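Data block below; observations after.
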Amino acid sequence: MELLVASAVGVLTASGVYLILRLRAFPVILGLALLSYAVNVFLFSTGRLAINAPPVLQAYGDASYSDPLPQALVLTAIVISFGMTAVLVMFALGAYLEAEDDSINMTETDETETTGKEGEA
Amino acid sequence: MMKRVFPHPLLSLALLLVWLGLVNKVTPGNVVLGAILGIAVPFVTGPYWPGRPMIGRPLRVVEYIFVVLWDIVVANFQVAAIILFKPEKNIRSAWVTVPIELTSPEAITVLAGTITMTPGTVSTMLSADSSAILVHCLHADDPEAVRDQIKRRYEWRLKEIFQ
Amino acid sequence: MSHWIIAPVVLPAILAPIIAFVMRYDISLARTASFAGTIALAAICFGLTVAAAGGETVSYELGNWPAPFGIVLVLDRLSAVMLLLTSVLALVVLVHAVATGWDARGRHFHALFQFQLMGIFGAFLTGDAFNLFVFFEVLLIASYGMMIHGGGKVRLQAGLQYVVMNLAGSTLFLFALGTLYAATGTLNIADLAQRVQGLPVEDAALVRAAAMMLMIVFAIKAALFPVQFWLPATYSNAPAPVAALFAIMTKVGAYAIIRVHTVVFGPDVPVLSGVVGDWLMPVALVTVAIGAVGVLGASRLMPLLSFSVIGSMGTMMVAVAAFTPATTAAALYYMVHSTLSAAALFLLADLVLARRNGDRLRAQLPTVQNGLFAALFFAGAIGMAGMPPLSGFLGKLLILDAMQATPQMTAAFVAILLGSLLTIVGFARAGSVLFWKSTGLAPAEPAPNPDDGEPQELADAPAPAGVMSVAPTVAALALLGGLAIFAGPVSAYLGAAADQLYDSSGYISAVMGQGTEG
Amino acid sequence: MITYALYFAFGCFGLGLLFNLWRIATGPENADRILALDTMVINIIALLILYGIWQGTTVYYEASMLVAMVGFVSTVAYCRFVLRGDIIE
Amino acid sequence: MELATDILISFFLVLAGIFGLVGSFGLVKLKDTMQRLHAPTKATTLGVGGVLIASMLYFLLVKGSLSFHELLITLFLFLTAPISAHFIAKTFVQARIKESDLPPTGREYGWSIHDDPPLVDDDRKPDE
Amino acid sequence: MTNGGSLLPIIALLPFLGALVPGLMIRAGRNACATFTAVPTIAALAMLGVLTPDVMAGEVLKAEIEWLPQLGLSASFFLDGLGLLFAFMILGVGLLITLYARFYLSGDDPMGQFYTYLLLFQGAMLGIVISDNILLLLIFWELTSLSSFLLIGYWKHLPEGRQGARMALAVTGSGGLAMIAGMLILGNIVGSYNLTDILAAGDVIRASDWYLPALILILLGAFTKSAQFPFHFWLPHAMAAPTPVSAYLHSATMVKAGVFLMARMWPALAGTDAWFYIVSITGLITMVLGALIALFKDDLKALLAFSTVSHLGLLTMLLGFGTEKAAIAAVFHIINHLTFKAALFMTAGIVDHETHTRDIKRLGGLAKFMPITALIGTVAALSMAGIPLFNGFLSKELMLEEAAHTAWYQNDWIVPALATLGALLSVAYSLRFIFHVFAGPARDDYPAHPHDPPFGMYAAPALLCVLVVAIGVLPGLAYPMVKVAAQAVTGQELNFYLKIWHGVTPALIMSIIAVVGGALLLGLHRPLARAWNAAPRPEAKAIFDALISALVRLSRGVTDGLHNGAISRYLAIFVVSTVGLVYVAFSGGTLSPPTREMLPVPPVVAVGYVLLIASALLVVLNHHNRFRALVLIGVIGLMISAGFVYLSAPDLALTQISVETVTIMLLLLALHFLPKTTPRESSVGLRLRDGVIAVAAGAGVAALAMVFLLRDFDPISDYHLANSYEGGGGTNVVNVILVDFRGYDTFGEIIVLGIAGLTIFALMEALLSGPAARRLRNTDYSRDRSRDRHPLMMVVATRAMLPIAVMVGVYIFLRGHNQPGGGFVAGLVISIALLMQYMASGFGWTQTRQRLEYHTMIGWGVLIAALTGVGAWLGGAPFLTSIYGYIKLPLIEKFGLGSAFAFDLGVFLTVLGAVMLMLYSLSRIARYAGETVNVEPMDYDPSGKRELKKPEGE
C-alpha cells in the first residue's frame, strides 16, 4: 500500500509539473490542481497509513486511530488551495478576456499601466 | 399565513423523516430538531418551489411505486440478457415519441424518470412545450408497444396521482 | 497573559469584513475605518516593540492549548520589529493610496489592505510552522487581490504569473512541511528546534530535505536567485501603492529564513551541515548581481525599481547567509532601510508616472513639479543605492563591517560594492533622463520620436500633486533619514534581536516551558 | 458466506471501474466520457457501502451520500457545459 | 436463522455485483453511445440497490442496528439518475444526431434542444 | 575634549543648515539670497578663526558624538593643522565663489538651487577634512560625489552637463566604493575606525597581510577623486558645470580631497615601497600627461582642467615620495595651487561671460578691452608657470628639489627628467593662457564685445592674486600654516624655511630649463598642435561612453534574457533547482533502516490505483482537449476521495469530493469563455525536457514519501487523540483539531476563502468596466447551443433535492464535532445544493429569490469566528479558547454545545458566502456576455402555473 501511495503521489506530481510547464494558462491550472492533489496525499500520508482506523473516538475498547493531525492539515490545505485555484481561474479568465490570448507567458513588454491618468483624488 | 410558515407541509413531513434517517436515531431531541428543520428548511428553499404539487390519491402513490419497482427488476434481467448474450448486430435500438397528456411538471418528471429507471428505455428529452417525450429503446421489436405500455402502465396512474 | 500580542491579527481580521461588507458602498467611511485601524495597529505594534525590548520572549498559547499541541504566537524583538515596520509602512502607503485616489479605482481596496496586514502580522507572530504556511497564504491571496487592483491587461497577465509562481511555491511549502512532520512529528517551531537538535545523525536525510525545501520556499518570497523571476513583472505592474506595500513582502521571506534557519535549522546543528549555509551565500551573491545588472539594464522605471528591490534583497541575504549575530543584526538594519526606501521610490514613481506617458526611460516634456520630483527621486535613489546621508549607507557599512569576520568577506565585498556601483550608475542614468533631459526639450518642439506611436503630450495637463499625495513619499524618505540619525539605538535594538535569535534556548523555553503538563 | 459474497461484489464493482476507465479513455463522445464518469460514481458508491459492511461501520456512509449528490451535480454541470457552454445562466 | 440471514445478505450482494458489473460491462460492450446510455441504469438500480439492501439487512440482522442511511442514498440515486441520463442523452443527441433523424414530436413544437419553448405570454395556451 | 573642540560639530553642521537658507531666501531676491548664503560660511569661518590659535599652537581639537557604536561609527571631529588648512581653503574659497556666482549666474538660472548644492558640497568637503572617524569621513566623501553630481549637472538641459555629471559620479563613485572597502579593512586591522587610533597604528597596519589590499583600495578612492591617471578623464568633462563650480570643485576642493586623503593617511599608509611606487609613479605620469594634454586644449576651461590634473599629479607624486620635505612641498603647493588656479578659473569664467566664448582660437588681444581681467589672469598664470616672485614658483622649486633626489629602482635620472618635463609643459600652457588670450593683437570678431566685468565679479580673483603675489614675495606669510599642516601630515615636528632663493640648486637649473623650454614650446605651438591633432590618441570620453553603453547593453541583454516573461521557464528553473538542491541536501544525510511493514493491497484498491494513475497520465496526454481533461480531473478527485475513505480519513474524503465538484464548476464556468483546446506549441525537445523535469520531480517526491512511510515516528498527535474528548468536547479528532486545537489555522483558512471571494468579485467588477466588457459583448458565445436552458425535469428534481441537500448540509454541520463533517463540508454541501438550483433555474431567477447576500455572509462568517475567539478574553483565556458544556432541556436528552460550534458556524458561513460569491461573479460575466435573464424557473411550464412576477433588480 505504501508503495502505491508514494508512487501515486509521484505520478500526480510528475503530471502536475509537466502541465505547469505548458505555455497556456489552462493546462497550468490543471497542473496546479494535480500538484495540489499530490501534495495533499503526500501531507496526509505523513501520518503513516492505517486501514479502518478513522480518528473518530469510540466509546468502548481501545481502538487504534490514524494520525488525525495531518488530516486536519490537509483539510486546511485543501480549503486554501481551493481559494487559490478559484482566484487563479479568475485571473486566467481576466487575463484572457483582456488580452484575447491565454498564453501564460508575457509576450509583450508593454509600458507599465501602473498608474492611471486619473490624477489626484 | 399558514402558507408562509408551511410552504410545503408534505415536504416538511418528508424532511422530518429525512432528518431521522440521517441521524439514524429516534429520540425526542432529534424529533424536535427534525421538526424545526422540517419547517425551517422549506422556509428557506420555498421560494425556489413556487407552485405546490397536488398529490391526489396517496394509495395510488404506493401502488405506483410497487409497479415501478417490479418493472425495474424485470427489465433489469431482460436488459442484462441483451447486454451479455445478444450479438451486437441483433440489437435493434429505436427512438419512440411518447405523446403525453400530463401537464404537471412534477408528473412529467416522474414519468420521464420512471422511463429511464426501468432498464431498456431512456427518456432522452421532452418536446419544447413538454407535450411529448423522446424515448430511446435499447432493443425494441415493436416501438409502438413500448409507447403504449408507457402510457398505460405509468402515465395513466400518474394522471390520477397528480390531478 | 496579555492579549495585545494577538491584536495585530484580530483587529484587521474584524475590521476588514466590516469594511468589505458594511462600508462597501461608502468609500469615505471605508477610508476612515481603514485609517483608524491602521493607526491603531501602528500604536499597538509600537507598544509591542517597546514591550519586547526587555528581551523576554513571550509566547501566547492560542486556544489555551499547551505548546507544541496547539498553536502559539511568539513575540520577541525580531517579530516586534517586523510588526512595527509593517505598520509604519502600511500607514505611509495608506495615506498615499487615499490621497491619490488609488483606493477608489477598484473594489475592496481597504478590506484587502487590512487582510493583507493581517496576513503579514500573522506570519511574523506565529510560532508554528504550519500556521506560517496559513498566514503566508493569507497574505498572498490578499496580495493577489491588491496586485490586480484596478485591472488592466498587462497587470492581469503579470498577476496571473504572480499567482502561478506562488502557488507552485505554496505546493513546495506543503511538501516541506509534510516532510518535516513526517521526520519529527511536530509542527511547533520551538519543538522542532528541540527535536532537530536531538536528532540522531543517521536519520538526518529527511530533515535535511525539508530544511532545503523550506529555504527554497522562503527564497521565492525573498526573491532570491534562481526563484526571483516573478518579482520584476509583479512589482512593475502592481499599482504603485501596492508595490510599495509589497516592499515588506520580500521581507516576509527573509524573516522566515532568519527565523527558521536560526531557531530550528541553526548553523550549529550538526545534522544539517551544508544544507543551507553552503547554498544561501552564493545564491544571495548572485541575487545582488541580478538586481544590479537589472537596474543598470532597465529601460523602464518600474522594472528598474523592481530590480533594485532584488538587489537589496540580495545584499540583505548576503548578511543573513553568514549566520552570525553581527551579520544578522546588520541585515535587520538593512532590511528596515530597504523596505522604506523601496516604498518611497514606488510611491514617488506613482506620482511621476501619473503625470507622464508610460514609464519608459526617455525624455518627455517636463511635467509639473519636475524639480520636486527630481529632488525626491534623487533622495530615493540615494536611499536605494545606499549612499549617505540616508540609512542605506550605514546599513551597507554595517553589513560589510560584520562580513569582515566571515570567510566570505571578499565575495561579499565585491558583490555588494560592485552592485552598488551599478545601481548608482543605473539610477543616475534614469534620473537624468527622466528629470534632467526633459528640461532640454522645448515645449513647442514636436515629439522627438514621432513614429513610436505614443502621444508625447497628455490630453489633459495633469494636475500637480497635492501636499497629501507627496507627504507619504517625503515621510518614507524622512524615515530613512531618521533611521540614519537614530542608527545607534535602532541598531542596538536589532543587535539585541539578533542575539536573541542565536540564543534559541530562550525561544524554546519561552514556548515549551509552559507546556510541560502535556 | 457473507465474506465471499463481499469478495465477489468487490470484484464485480472493481472490474466495473476498469470498464469505466476504458470508456473514459477511449470515448469517443463527450457523452461517453460523462456517462463513464457517472457510472464510476455509482460504482464507487457501491464500493463504499460494501467497504462499510466489510468493516462493520457506518462511518463512511456520509461519504457515499455526498458522492451521490456531488456526482449528480457534476454530471449535470459537464452536460450543461457541452449543451449550453454556460452552466449557470 | 443465521444461515438464512447470511444467505439473504449474500444473495443481494451477489445480485448487486452481477448487475453492477453488467452495467459497466455494457459501457464497453455496446457499440453505440445511445445504447451505452442504458447500461448504468442497472448499476444504479439493482446494482447499488442490491448493495444497499444488503447493507441494511446486514446492519439490522447482524449488527442489530437499523440504518436509514441506505434509504436516503437510494432516494438520492432514484431522484438524480434519470436527470443525469437525460442530460447525457441530450448531450449526445445534440452533438451527433441530426434533427431529421429523430422521430417527430407530433406536436406544435419540436424537441427541446432544437426548438425554443413557447413564450410565457403565448396566446396559444389560454389557461390563465 | 577641549572647549574649542565642541565648536567642530557646529562648524560641520553649519553648511548643511545653511543649505536650507537659499531655498527660503530666494523669494527675497538674488542679492538677499547670495548674502544670506554667505552667512553660514562666514559664521563657520569665524568659528574656525576662534580655533586657529589653539591649532597653531600645536593642539589637536576634538569632539565626539556617539552615533552608531555597534559599527564603530561616531560623529567624531578633530582639527589639526592639515584640517585647519583645508577648512580655511574650503570656507574661504567658498565665500569667494558665493560672491562670484552671484554675478556669474544669469537671471534664468535657478540661483537658490545653485547655492543649496554649493553649501551641501561645502559641508561635505568640510566634513572630510575634520572627520576623526574614517567611516564618517567616508560619509562625507560620498556626499561630495553626490553634491558635485548636482553641481556639475546644474545646467541640466545641456547634455554635456548631464553626461559630465554622470561620468564624474561613476568614476568618483566607484573609487569611493573601493575606498569603503579599503577603510573597512583598515579599521579591521586596527580594531577601530577612529582616525586618531589609525594614524597612531601605522606600524601595525603596514605589517598586516591586509595592508596592500587596503592601500590599493583607498588609493583607488583618492586617485579617482583627484583625477589621477588613468582616472583623469572625468575632470575635463565636469567642466560643463558653471565656472564657479569648476573654480570651486576642480581647483580648490573636491579634486584635492584625494590629495587630502593621501596626506591624511600618510602616517598610517606611507613609508612602504608599495606606497612609494604606486603613488609617486601615478602622480608623475599624471603630472606629465595632464600638462601635455593641457597644452593642446583650445577650450580655456579644458586647458585649466588638464592643468589641474597635472598639478594634482604633482601633489600626488610628492606625497608618494614619502619624505618630510616632500610633504612640506605638497602642503605648500596645495595652498599655492588653490590661489592661482581658483583665480584662473574665475578669470576664464569672466572671459567666457564677457566674450561668450572659451575657445582660445577665437580669443587673443583681450588685454585691450579688459585690462583688469588680463592683469589678474596674467598674474595667476605666471604663478602657475612657476615664475619667481609668484607663489607657484616657490612650491615648484621644492618639488623639483625633491624630484632631483628621488630614484626609482636605483635609476637616478628618470624622476628629475620627467619632473622637469612636467614643469616645462606647465610653463608652456601657462604662457599660452597669457599670450593666446590676453596678449596679441585685438580682434574684431569676438562673439560679444568684451569689457571688464563689475567689481563684484573680479573681486574674488583679484583677492586671490593679491595672495599669489604676497606669498610669492614673502613666503614667510604662509610659513606657519605650512608648518602646522605639514606636521599634521607627517606626524613629526618639522623645522624648515620657506625662501625665494636657495642658491644654485639642481631645482633652479631644472626650473630654468623648464621656463626656457616652455617658452620655446609655445613658439612651436602651431605646428605641434597640428601634429597633436593629427596623431591618433584614445578619446577617454568615447571609451568611457562605449564602456558604459556596452555595460548597459550587456545588462539589458542579460536581464531581458533572464526575465523574458516566460513563466514556463521560470517554473522549469524552479523545479530543476528544487529537485537538485533537495537531492543534494537529502543525500548529504543518512537514513536508519525501515521500521514499518507495508500494508497489503486488496485487488479493489489496486484497481482504484490504476484508475488514478491512468487518469493522471490521461490528463497529461489529453490536456489539449480541455473539457476532456476536466472530466479526467473529476475521476482523479473521485479516486482520491475513495482512497481517503479507505485510508481512514473520512473527513478528507468528504472535503475532497465536495471541493472537487465546486472547483470543476468554476473551471467549467471559466472554460466557457476560454479556448476549448490548447494548441500544440512546444517542440518535441521542449516536451522531452519538461518530461524529464517532471519525472525527476515525481520520482523525488515519491522517494521522499516512501522513506517516511516505512519509518515510525513520534508525533504530537497522540495528545490530540487523548485530549479531544475531554478537552475539546468532540470525538471527531480531526474536527476538534480544526476548530479547537488548531482553530487559528482554520481562522486563517476561512479568511483566505473570504479574500478569494472578495478578490474575484473585485476583479469581475474591474473586468466589466474595461475593454474585456466590450469584447464580451461583441463575442457570440451562443452558437450551436441546445435550445433548452432550464429543462423542466431538472427544475423539478432540484425542487425535491434542494431541501434534502440542505438537510444533509445541516446534518453534516451539526455532527461534525463528533463524526466526520463540520462547517466546511456543510458549507460546501449547501453551496453545491444552491449551485444545483442555479443550474436548474438559472442565475437571474434564483438570484432574485436569494434572501442572503453573499458578501454579508462572508462578513458574518469571519466576524463570528473572530468574535468567538475574542470572547475567550472575557474569561481571561487566550484567543480561541473554547468553552464547552452540556445543556438539558425538558423532554429532550441532554446535548453538548460549545463555542467551537459557533466557530464552526463562522466557517460554514464564510465557505458558503465565498463559494457563492465566486460563482456569482463568474455568472455576472456570463450575463454580461449576452445571456438573458430568465423570468421563469423553467423553460416552459405546461401546467400554466407560471410565476408572472418580474424579478426585481437587474
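Labels A, B, C, D, E and F are assigned to the chains in the order they are written; within every chain, residues are numbered from 1.
To be clear about the criterion, a residue touches a chain if its C-beta (ideal position, glycine included) is under 8 Å from a C-beta of that chain, and two chains touch if they have at least 3 such contacts.
Which chain is which protein? Per UniProt: A = Na+/H+ antiporter subunit C; B = Na+/H+ antiporter subunit E; C = Monovalent cation/H+ antiporter subunit D; D = K+/H+ antiporter subunit F; E = Na+/H+ antiporter subunit G; F = Monovalent cation/H+ antiporter subunit A.
This structure is a prediction, so every number in the text was calculated from the model and none was measured.
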item	value
Set of chains whose contacts include both subunit F and subunit E (Na+/H+ antiporter subunit G)	B, D
Path length in steps (a step moves to a chain that is touched) from subunit A (Na+/H+ antiporter subunit C) to subunit D (K+/H+ antiporter subunit F)	1
Chain ID, smallest distance between chain and overall C-alpha centroids	C
Selected pair, greater C-beta contact count between B-F and D-E	D-E
Chain located farthest away, centre of subunit E (Na+/H+ antiporter subunit G) as origin (C-alpha)	F
Inter-chain centre distance, subunit A (Na+/H+ antiporter subunit C) versus subunit F - centres from mean C-alpha coordinates, in Å	36
Centroid distance [mean C-alpha coordinates] between subunit C and subunit A (Na+/H+ antiporter subunit C), Å	25
Approximate Å spacing (C-alpha centroids) for the pair subunit B (Na+/H+ antiporter subunit E), subunit C	62
Subunit C and subunit D (K+/H+ antiporter subunit F), separation of their C-alpha mean positions in angstrom	48
Residues of subunit E (Na+/H+ antiporter subunit G) whose C-beta touches two or more other chains	18, 25, 37, 39, 44, 67, 69, 72, 76, 79-83, 86-87, 89-90, 94, 112-118
Multi-partner residues of subunit D (K+/H+ antiporter subunit F) (each touching 2 or more other chains)	10-11, 13, 15, 17, 20, 30, 34, 58-59, 62, 65, 69, 71-72, 76, 80, 82-83
Per-residue multi-chain contacts in subunit B (Na+/H+ antiporter subunit E), two or more chains	18, 22, 24, 112-113, 125-126, 128-131
Touching chain combinations (by label order)	A-C, A-D, A-F, B-E, B-F, C-F, D-E, D-F, E-F
Subunit F-facing residues of subunit A (Na+/H+ antiporter subunit C), complex	1-27, 29-30, 33-34, 37-38, 40-42, 44-58, 65-76, 78-80, 82-87, 89-94, 96-98, 100, 102, 104-107, 109
Of subunit E (Na+/H+ antiporter subunit G), residues touching subunit F in the complex	72, 75-76, 79-80, 82-83, 86-87, 90, 94, 112-118, 120, 125, 127-128
Interfacial residue positions of subunit C with respect to subunit A (Na+/H+ antiporter subunit C) in the complex	98-101, 104-105, 130, 134, 137, 140-141, 144-145, 148, 150-161, 163-164, 167-168, 170-171, 174-175, 177-179, 181-182, 187, 233, 236-240, 243, 300-302, 349-350, 353-354, 357-360, 454, 458-460, 462-463, 465-466, 469
Subunit F residues within the subunit B (Na+/H+ antiporter subunit E) interface of the complex	787-788, 791-793, 795-799, 802-804, 806-808, 810-811, 815, 837, 841, 846, 849, 851, 889, 891-893, 895, 937-945, 947
Complex interface listing, subunit F residues touching subunit E (Na+/H+ antiporter subunit G)	786-788, 791, 793-794, 797, 800-801, 804, 935-936, 939-940, 944, 946, 948
